[in-house]
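You will see two complexes here that share subunit A, one where it goes with subunit B and one where it goes with subunit C.
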Partner chain A sequence: MTRLLLRRLRDLLVILVVVGTMMFFVIRLIPGDPALAILGPTARPADVAALRSAMGLDGSLWEQYLSWAGHVLHGDFGSSITYHQPVLGVVLEHIPPTLTLAVLSSVISFLLSVAVTSWYAVSPRNPLARALDRLSALGMAIPDFWISLVLVLVFSVTLRWLPSSGYHSLFTDPVQALPALVLPLVVLVIGQTALFVLTLRESMLGELPLAYLRTARAKGLSESRVMLRHVLPNALMPLITQLGSNFAMLVGGIVIIESIFVIPGLGHLLMGAVSTRDFPLIQGVTLFVALLFVLVNLLVDLSYAAIDPKVRVS
Partner chain B sequence: MALLELDRLSVGLVTEHGDRELVHELSLDLAAGRTLCVVGESGSGKTVTALSIIRLLEFVAPVRTSGQIRFDGEDLTGLSPDRMRGYRGRRLGMIFQEALDSLNPAQRVRRQLVECYPRHLREQAEAKARALLTEVGLTDTERVLNLYPHQMSGGMQQRVMIALALMSDPDLLIADEPTTALDVTTQAEILALFDRVRRDHGTACVFITHDMGVAAQVADRIAVLYRGKLVEIGDRDEVLTAPSHPYTRALLACVPQLGVSRREGFPTISEALLDKGEVATETLVLPPHEHPVDGAPLVVDGVSKVYGRSGRSLRAVDEVSLEIAPGEFFGLVGESGSGKTTLGRMISALETPTSGTISFGAHRCTPKGLLGSEREFRRATQLIFQDPQSSLDPRHTAARIIAEPLRELIGLRGSELDSRVTELIAEVGLPADTAGKLPAQLSGGQRQRVSIARAIAAEPSLIVADEPTSALDVSVQGQVMNLLLHLRRTRTLSLLFITHNLSLVLSVADRVGVMYRGELVEVGEPEQIRLAPRHEYTRRLLAANPELPRLPEPGLLNR
Partner chain C sequence: MRRNRTLVLAAGALGLIVLIVLVLPVFLPSVSATDPVHRLLPPSAAHLLGTDSYGRDVASRLVSGGRASLGLSALITVCAAATGLVIGLVSGFFRAADAVLMRVMDAWMSFPAIILAMALAISLGASLWTELIALTVIFTPFTARVIRSRVLAVASRAYIGAARVSGMGRWKTLLVHVFPNVLPLALVQVVVLAAAAMLVDGAMSFLGLGIAPPTPTWGNMIAEGRSYLVTAPWLVVVPGVTIMLCVFLLNLVGSALRQAVDPRARTLHELQRLRTRTT
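Entry: the complex of A and B
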């Protein structure tokens, strides 16, 4: 276990260095000068040059990179150009909305998919169970921005039941927060549940021909017990992998949902940073998302050890 | 009244092109407390029969059943799924072949044993589980109950499986090849245990096996199935010593036996003769030795292989030295974990030894790896593996598989390559249209012939064959052995034949080596090993070897 943790810590460092370096050079390929973007097209060249130097954008690319890397090593991610604040603070401020959406939607989708799949496994002839199971392919196919727009049109514009946008912290103001969270959560849950149901069903189909189920039936267990006690628990492994990688994707990628529902999360922040050429902020956000990605996957590996006796032993 | 009666039972697999009959009008019966062995080769329908009695087949395949299975007077085929479930695990218990696969890998033994009891009887169930585990020889019950299946040895797993089947005191036990995956010494223990437990509980038993030797040990009566039909049923001694059906006689003649030399070829079953209802064994005539035997011997000198690092290391092979002369058939016998496969892999340079050297002509395998040209070495040494199903690329045709070494090791191209492949396919006795077929389209025996053709393609002087026949039926095993014997006479070829089958290797090899826990404990000629074993372990192996009662010689069967 300690060796796993140490190995993962090493991987984490390597990934952060690679991601940080790549992002540093890639964003400098984007056409457009941040100093010019801030001062506007009418600025005098001297002012632009002064600002560039203040932002650490003068000198060769190598010099810029080394000075940036040196600051990062000291915990200084620079200042955001647009927010005029340290990058770290800006990023931390935008984490709660994204994390709220990601955690809630992952948990709900996990529970829903296990429930739907078990129901279908136990009573494959029930028309509703079968319909829900089959709908998963549809859920995968429909783009989330389309569902978002339809839901907003129906529940916010026409029926006026739910707000179409906005965000309040779930911890400080739950009464206001919940209604605003419903629509974005529903959109995220539909896509994820569909994916999870497909994963779980595939994995359960893989378990069905295995010989230990024959033994379970030879004991005289009912089909529903065979499914719930033997097939389902053993089929959960791939779903947990899926859950982990999906969660990490959510944290970095709820850009569309955050834009549509005007939620001030990380995706929203990143979109803004890219369009204003806020280099330090882009670098800060990507580094943070990479960190989260690795941490979540570590969590997934640790949960394997907790679930699978074979991993635990070796 | 009989406890179990099968009355014209037919089982068909429902396919798109109509039913494919797996068992045809099978009628037999079994009295309470007795054991019936159902013997047959693969495809005989023996496992289908077993699974049909307990009605487990319908969960995995669409089947149509006709006829009756009367258990205690009740026809099981007519029961609703719910009522049938009441029989399973309560009055009918089942033991499967692969105990590891047949236990849930993610649950402890305790949970799997007590599962079939209702919740309020859990304490009673656990007491019963402990009693049964003690009875099957796992006296350390508390520890065993907390183990996961993969933490136990094969023998322990099968003991747990037996305990599991007995949890609800069934009247009838169905055992499907329960010892096939086990070593002979473990098999002997489990068979003895099984017999004792069965008698103590007064349980009747349907015992499925392909092994006549095993049937001879456990059966009261023996039923012989061939292609889904019952060809013979009778008391054990009658079937074994005075078989009435030609197929039974042929099957018995094919079983390798201690003290019967097969160096001039194995008898095989001729389906053509069998269809005419005649004596069904054929014995081929091997060609005389054509090749002068020359070349370099294989010399294994003080070779060890240690896995893992110091502290938790495992000596898989421990200071083994042996020499195989050019043209020699050397049999290496041992149980799982004895290091015989590891030794074979080092000799074929798939593993490097931890210490010691292996030399073969100009080639040297040392702890630093293979010295010299690997291509030259592969031309000289080739391998045949146990399972032709998984050792052949499923997406390559037979011709492509056989052509690969010709192209890579010899550099043949174009029409020369094609004609060589055609020759090889004919040489191993395969029909010419095999060339375009995929492994999945071939039978087990045919696949192993393809492996052999691939192995001899580069004209090696040594073949390492690791259990090449253990996945095959006895009659097919005879065919493959005959092919190997034939090749040895027409080429200059030494064979290192690795197997767990003592009877087989003693009947054909020039010399036999016995491995035990990484050490080569004894090397000698077959007769010497059989009649005057020097090592204690060899004596144990001989004692555990399942044997048939003395039969008339195959020649006498050809009346």
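Entry: the complex of A and C
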């Protein structure tokens, strides 16, 4: 267990270094001078040069990289050019909306998919259970940006039931926060539930031919009890993995939905940072997203080891 | 048998869509002919799917956008599948390469895809090529991982050991014995990739990171129609439903194919169907 943990922590460090380095060089592919972007096209060249050096943008690419990496190692991510604040603070400020969406949509999708799949497993001939199960194939095919627009058209524009955009904190202002969260959550839940149902069904099917089910049936358990007490718990593992990697992707990738519904989360922040050439902010956000991504994957792996003894041994 | 019918029907429908996209533009009104008098018309006999804000015929744009969307998705699929296959094969078969390659793949996957796409699109100009590069890079690690796990399973079989004992070279073993056994899975992966590529391609053009207007793609048609969501909803609905239909058909083909190449999955489904009938 400890060895596993240590090995994963080493991997985590390697991944962060690789991502940080790749990011540093990729964003420098973006043409445009951040100093010029701040001061505007009418700025005097001397001012631009001064700002460039203040932002650590002079010197060769290599020198810039070394100085940036040095600062990061000391916990200093630099200052955002557009927010005029330390990057770390800006990033932390934008985490709650994204995390709210990611956590809520993951939990709802997980529960929904387990409910739908177990219902189908227990009563495979119920037409509604079957229809819901089949619907998952369609749910996988819906483009999220498109269904967002359609939902806005139906529920905000035509029926006027729900706001089409906006965000309020769920903790300080739940009455205002909930209606605005409904549409983005529905969009996220549709795609995820479809994926989870397919994953869970596949893995439940994989359990069906195993011998322990014969034992369970032989001792007189009803078919639905066999499904719910024996097959389902054993089939949950792949779903947990899927849930974890999906959650990690949500944390870094709700870009489109956040921008359609104007939710001030990490994805929205990132889009803005790229369009304003806010290099320090882009670097900070990506490092953070990568960190969250590997941490969530680490947690999934550890929970795997905790649940399944076979993983611990290998 | 039922699976085969699904496969044939879904593949046939997809083939029909491809055929329409390739042939129909010849017979439809021009894609770029603007007609300010007849703008934002609802679907009618003259314009089957209505007209957009410039008075262009939506049906012709949809069909011609299909060339871009389907063509680009196919191209992305081929590139990502090929690189993923090579990386997966090498990494699954050579332990030394595996450690390095999989770490790189992990880092790659934790890199925000959209940033890469945006950086490429902004620096090189949003075009077919930047989207192709960005999406190939995004999809490669997923394919590589799937292929690798299959290679690992194949490599532990006795006949691989037998090949080594009989003096066959490592690379030749990989090509002659491992590759053919991985190929069916790779084909399934191609279909899965194509479905994913269609969705992400739609999202990219929607964000303005793909092929730029006035060349129509299904994604940028949705983006352009967004401003007229209330007055002309068909501008958004029509291309969206088209993307959905294609992805849905591809998913059907994918799952049917997988059951065709993987006997275990097939038996499982037979089992489940047996249960459906008996309980």
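Here is the rule we use: the second predicted complex is superposed on the first by the 307 of 314 C-alpha atoms of A that agree within 3 Å, B and C clash if a C-alpha of one lies under 4 Å from a C-alpha of the other, contacts with A are read in each partner's own complex, and residues count from 1 in each chain.
One rule holds for everything that comes next: contacts are C-beta pairs under 8 Å (C-beta built on N, C-alpha and C of every residue); 3 or more make two chains touch, one makes a residue touch a chain.
What you see is a predicted model; the values in this text were computed from it and never measured.
Taking subunit A as the reference chain, the count of touched residues is higher for C when subunit B and subunit C are set side by side. Within the superposed three-chain model, A:P209 lies in touch with subunit B and with subunit C [touch as defined at top]. By the touch criterion defined above, A:K219 lies against subunit B but remains apart from subunit C after alignment on the C-alpha atoms of chain A. With both structures placed on the common chain, the touch criterion links A:G70 to neither subunit B nor subunit C. In the superposition on chain A, contact is made by A:V255 with subunit C only, not with subunit B.
Of the two partner chains, subunit C is the only one touched by A:L153; subunit B is not. Within the superposed three-chain model, A:P174 lies out of touch with both subunit B and subunit C [touch as defined at top].
Residues 209 of subunit A lie in contact with subunit B in one complex and with subunit C in the other.
Interface residues of subunit A, counted against subunit B in their complex, comprise 209-222, 229-230, 233-234, 307-310, 313. Remark: subunit B residues 54, 56, 59-60, 85-90, 92-94, 96, 98, 101-106, 115-116, 148, 150-151, 161, 164-165, 167-168 touch subunit A in the complex. Across the complex, subunit C meets subunit A through its residues 103-104, 106-107, 109-116, 118-120, 122-124, 195, 199, 202-203, 206-207, 222, 226, 229-230, 233, 236-237, 239-240, 243-245, 247-248, 251-252, 255, 265, 267-269, 271-272, 275-276, 279. Residues 11, 14-15, 18-19, 22-23, 26-27, 29-31, 124-125, 137-138, 140-147, 149-150, 152-153, 157, 205-206, 208-209, 223, 248, 252-253, 255-256, 267, 270-271, 274, 282, 286, 289-290, 293-294, 297 of subunit A touch subunit C in their complex.
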